[in-house]
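The next part holds the structures, each set out as structure tokens.
Look for chain A in each of the two complexes below; its partner is chain B in the first and chain C in the second.
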Partner chain A sequence: MPVTLTSLDNQEFKVDKEVAERSILIKNMIEDVGESDAPIPLPNVSAAVLTKVIEYCEHHRNDPVQVQDETDDPRKRSNDIEEWDMKFMQVDQEMLFEIILAANYLDIKPLLDVGCKTVANIIKGKTPEEIRKAFNIVNDFTPEEEAQIKKENEWAEDR
Partner chain B sequence: MLRHREIQPGQAPGQDTLQGAPDSPRRRPHPLAIPEILCLLAEFLDQQTTLDAMKVSRAWRTAFTPYLWKDAQMNMSMPEREPPYNTVLMNAHFVHTLRLRCKHTVALKHPILPFSLSNFPTCRNLSKLTIEIMDTNNNGTLFSLILQHSMFLTSVSLTAAVGPLENPSDLWNALVKCIHLRQLEYAGMRLTDPSEHMELYLMLWSRLDVLKLSGDWCAPGTLDNPVFIIPKGLDDPISEIPGSGRLRDLTIEGTHMHRDKMKAQAWMIKQCSATLTRLYWKPKSWLRAVEKASPMNYVFSLIAMGQCPNLETLLMPGLDYSLDIFTELVKKMRRLTEIDLAATNFGFWEWTTLQTLPWHMSAIRVLHLEGCLNMTGVIIQDMLCSLPSLESFKAGNLWDIDIIDDPRPWICKDLKELVLTIVFRTSPHPHRMIQSRLSSLLRLEICELNRPHDECFRMTLQSGLDRLGSLRRMRRFHVQAGKDAPWAMWKEEEVEWALKHWPFLEELSGVALTARAQQLLCRHRIRYAPTRFRS
Partner chain C sequence: MSGVETVFFIQHLVTSICQGLQTGDIACCARVRRAWNIAFTYELYWHQEVTDQKYKDWPLGDDWTIPQSFIPSLCRHKSSFSAVSANSPEFLSFLVHQSISTLTRLTSKNRFMNIPSVTKILENNVDSLEELTLIRVRRQDVFEFSRLVKGGMAPLKHLTRLTFYCVSTTNPLPTTMLDTLLTHLPLQLETLDAAVYEPTQRIPESEQAEAAALSIPARPYTALRSVKFDLNLLYCVKNHFLWFLRQCSNLKDLHLACTSFDSGILFATAQKLLENNGNPCDGSTGGLPYLESFSVSGGRWSDSVACLNAISSPLKFLSISQGSGPRMSQVLDMLHRHRGSLEVLTLNRVQGSNEEMRSVFQLFPRLRVYRTNTVYNNRANAPPLHLTIADLSPWACFQSLTILQIELVSKGDEQDQPPSLDPAALSLYPLARSETLQLYLHFSNLIALEWLQVTITDMAPSLEEESTASSITPAPPPYRRLGFEYSLESGLPILNSLKRLKTLTFGPPWTHPSAHDCRIRQQEIEWIEKHWPRLAQIRMAKGKSLKLDQVSQAELDLRAACLWLEERRPDFKLQYKMPFVELPEPTY
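Entry: the complex of A and B
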């Protein structure tokens, strides 16, 4: 049974209910509204981004529900992105961040995780200046603040 | 799950430090200015990357500081590894896991003091504590640290590197008060007073999910087999302790091979047989299992009689067992997924037995059989071609001739860890068949390739290293370097290749490096050792 999703720019997308419900936000909306043909408005997601999100949900429509991985290491790993997901995320930086924002808004945790892992992999191995350059971030620290951070965190640095 | 933030211009903090993409008229804040997105990101960054990220901007520092401290590791036997006292004071409330290595003397201004001062606001987040004590004198501060957080601690791990604790009863008093304790690891400490054991066991049976014990200790109680007689000297043994409601993961290792102690260990295993899913039992040396009255046979009979219905593991490396026992056990273990029988007589007959059990064949995830002298390359090749769920495989000699003429692919596509010794008989160099087989293991993260004796494994770009370019998840790579083999050294080209194709590489060992290659690795913070890393 298809549902209709309407993007920020009023473009309509017909998708299977099963695919749309990969988004917990949409799933809850459908449950609240009940049986209805009315399109679901998504005012925060443009058509271009929604196209990508739907592509992801279609590919992963049969994935099992994610279970929290309880391992000893509190930090999650970012080296385990699947081949298809890696190709899916080969987009320009603006689209990458739009996908992350959309996944956050639509509550699609696996897509949010993949997006964050992709950004994490961009950040890894870079110096602070290289990170700033990669994302157009301005350094707003004073030299005194920089010295203080160094002093506070030296104990944790890799030798 | 995060609720959606209403994104409006000017709302996100630090927005003015982010420009957005140069040619896009961004009205909404950049995702990397939104604290919630940074928090999600933080969970995927290792410690060093978090430290670098904190130096990017004020907003990033604020967002990532809690994650730096969430798992705090402090080596207090090295002054340069101690965080400043005031820094700890400011950030203690972020700490969920605290890992300490310490000596006995604790100066007044010692960084861990904030955690153990009774007038310091309790760190409600501190749930996991790992302490390695170099010297066991005067550990009052550490025990008060446990007491101070007894309402919140769920996991405690204590290792004494040197000798027994001075006042073990202090420790037990502190641990007994940790009412939410679910995991306890206790190593290298001697219990001397039998009456202390009662509290320990009563506490353990009712609370713990996971218990790891190593070092010299003993347990009281009777065993229902008349062969097991209570050793003299124990007062007031409890004849029946209610079975454990929860204990599912039990590790006992490194204890002395005193017969009574092994009986006591067997008794412990019996107490939690119904709930156990994981059992690792490895004394310093084994009593021979062929003795009918041995503690090992007692435990085997428990399993064979179906009294451990949830047990998923058969972890008894170094044990001298008989084929009959093995067959009885595996047939009874309907949930078996993990086998460690390294340095045992595991061989052809055991493999044949396993092959008659289709459920086991499809479910086995971990198979560790290093040092099994009855294992052959044909069996190893057979295993790699017929165990689809294998994630960790450690075995001995695989000959290239075992692979070359066998058209079957390796079907263990989920394999993450592989340790093998490869024997070359067709040529002095690794055959491309081995490399192409390896290259099909796309999820491989840890790969250790050895050669018999001191022979060298040549794995350079000229001998097919580039065939392993598909192994993008590689984190640890070890190839055995022989003595005096300059033709097997890695130069800069090899390291550059690895950096490009193995972006998650953390450790490289065994292979000899040129000086420049070593510098390149160091610059990318990849750990290197000319011989094997200690695990």
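Entry: the complex of A and C
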């Protein structure tokens, strides 16, 4: 049975219920409302981003639902990204971060994890200046402040 | 605000990103811009737990040293230490020189934490310490610590839990130090766990010494609820222990452990405490009227009898673990007065007959945890202990049933059918014998069961063996044809009702290395995954006579299958244990 999702800019998307329910937020909304044809509003997600999110959910519709385990040590989790997901995430940076925010809002943990891993992979191994360049960020530290922070975190920067 | 900026303002998103980064990368991010500095500095230091003895997440070098720049940074960012486990010289040095006013727990388990260091740490504005654990306190430090306690250290004014284990080497530990400790504990203390691991100075028996101890002014340890003493310590402070327990009028839990067999004096002392005899010198009434939990381990049974007899309050928890193995009848005779209250009974190395074993279940109607390790009669011509299937029927009320060894005597009644199973159901278990099925049925009634540990041996010879046995041929070994093996063919599905089962423990009888009472394979684990939703542990005992590197095919199957279950249940573990190890206390 299809479910209608309405984006921030009032664009409607008809998706299978099974696909939509990859989002825990939507799943809970459907359960609360019951069987209904009324569209589900998603005021925090633009049409462009929602298109990408739906694409992800469609591709992963048959994946087992990830059970959140609070005792799971995140350091044991793999940082590898599947090939399809890697290609899926080859978008401009603004879209990348919008997907992360959308996944966070819609509560789609696998998508959120992939997005965060992608950002981590961009940051990995870079100096602060390289990171600024990668994300087009302006440095608002004074040289003295930056030196102080560097000294304070000296123990970490060698690791 | 752009998406880039927004993401780095949401801390849990930053945390997710940092999970893919090394510490150095996080430190670099902290230098990118001010907003990132706040978010990533939190990630850099927040994970620096100060509770693991190996400083989990701390940037330790291969030699366990800490980078010099780390400590001042940690001090600046880590505004509070709630629990500290100090196990390295560097960390000890760090603690000694810091102001850690919010410290609530301090633990030291190795030789680096000496009492002067503890004193320094406590004096550094620590006014919130609630729990102090000192393991391996050296002889020279006992005096120092007792002096500190006697002086009424301000940092100890909130202390509610004290664990204090002394290690005395060659020179006997002067008892006066421990006496001082016992007579000057903080009044708000609620739990005391003290032990001396090495022999100490023998106390000369004298009435004068006892009288002197009893004349010590009263010190109302009315907050003390739980006391655990290793009786070597008791040996040291015998007279003061008598005085001490007279001050603990509200004690609920008393545990006496004896690491020496010279326990006569010690238990006699304990008996005096438990008796309701007041001390005219300090006006105390004596006895422990609120005692609910009593345990005694080690020493001779004959010595602990007096203690048990002296307890007049209705006990809820009782644990007896004696090296000399009392008779069940002796134990039960003394426990009649507790029949209306006893909820947890642990009997290790208690010898008993079938009748005595059965009587436990009838004697204590409120019993919900029963743990026993019955010992076979050591005499060669004595019949082995056994229970019949019918003996199991009263067990339905138990939440946790641990039976380490049951022998089921098979009487060759393969023609008898359990009445509860129809022929169609029986046909599902072609390999099972009727007694085995009956056993499964009885266990299936234990719907509240949370922990099941049963080792079953089959005593009856097979028909084949009976026919071939002769006066020349040696008698067949007694342990064979184990049917209660938790396999699907033997009747595991009958235990479908044990929905609350959390722990399943089994193991080969230690007396027979080739016996094995488990046949859990992939199909069994898949059944378990479906029908026992709460199972979190399978514990397998290795036979005492087995070499640890001997692995049977059954064990390999089990291991492989358990890995499958671990992937689906993150809290599930396959564990190994040696037989007759002190069982952990179940949670009530």
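In the analysis below, the second predicted complex is superposed on the first by the 145 of 159 C-alpha atoms of A that agree within 3 Å, B and C clash if a C-alpha of one lies under 4 Å from a C-alpha of the other, contacts with A are read in each partner's own complex, and residues count from 1 in each chain.
One rule holds for everything that comes next: a contact is a pair of C-beta atoms (placed from the backbone, for glycine too) under 8 Å apart; a residue touches a chain by one contact, two chains touch by 3 or more.
On a predicted model such as this, the values are computed, not experimentally measured, just so you know.
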Joint occupancy of chain A by chain B and chain C, clash or fit: clash
Partner chain(s) touched by A:Asp107 [first = chain B, second = chain C, both, neither]: first
Touching partner for A:Lys117 - first (chain B), second (chain C), both, neither: both
Partner chain(s) touched by A:Ile24 [first = chain B, second = chain C, both, neither]: first
Which superposed partner A:Ala47 touches (first chain B, second chain C, both, neither): neither
First (chain B), second (chain C), both or neither touched by A:Asp80: first
Partner chain(s) touched by A:Phe97 [first = chain B, second = chain C, both, neither]: both
Common ground on chain A, meaning residues reached by chain C in one complex and by chain B in the other: 74-75, 77, 79, 93-94, 97, 100-101, 104, 112, 116-117, 119-121, 123-128, 131-132, 135-141, 146, 149, 151-158
Sites on chain A touched by chain B in the complex: 24-25, 44, 74-80, 83, 92-94, 97, 100-101, 104-105, 107, 109, 112, 116-117, 119-121, 123-128, 131-132, 135-141, 145-146, 149, 151-158
Chain A partner contacts - residues on chain B that touch it in the complex: 1-2, 4, 7, 14, 16-22, 24, 28, 30-32, 36-37, 40-41, 43-49, 51-58, 60-61, 68, 70-71, 73-74, 80-84, 87, 96-97, 442-443, 445, 472-473, 475, 503-504, 524-525
Of all residues in chain C, those that touch chain A in their complex: 2-4, 6-7, 10, 13, 16-34, 36-37, 41, 44, 59, 67-70, 72-73, 76, 570-571
Partner chain C, residues of chain A touching it in the complex: 69, 71-72, 74-75, 77, 79, 93-94, 96-98, 100-101, 104, 112-113, 116-117, 119-121, 123-128, 131-132, 135-141, 146, 149-159
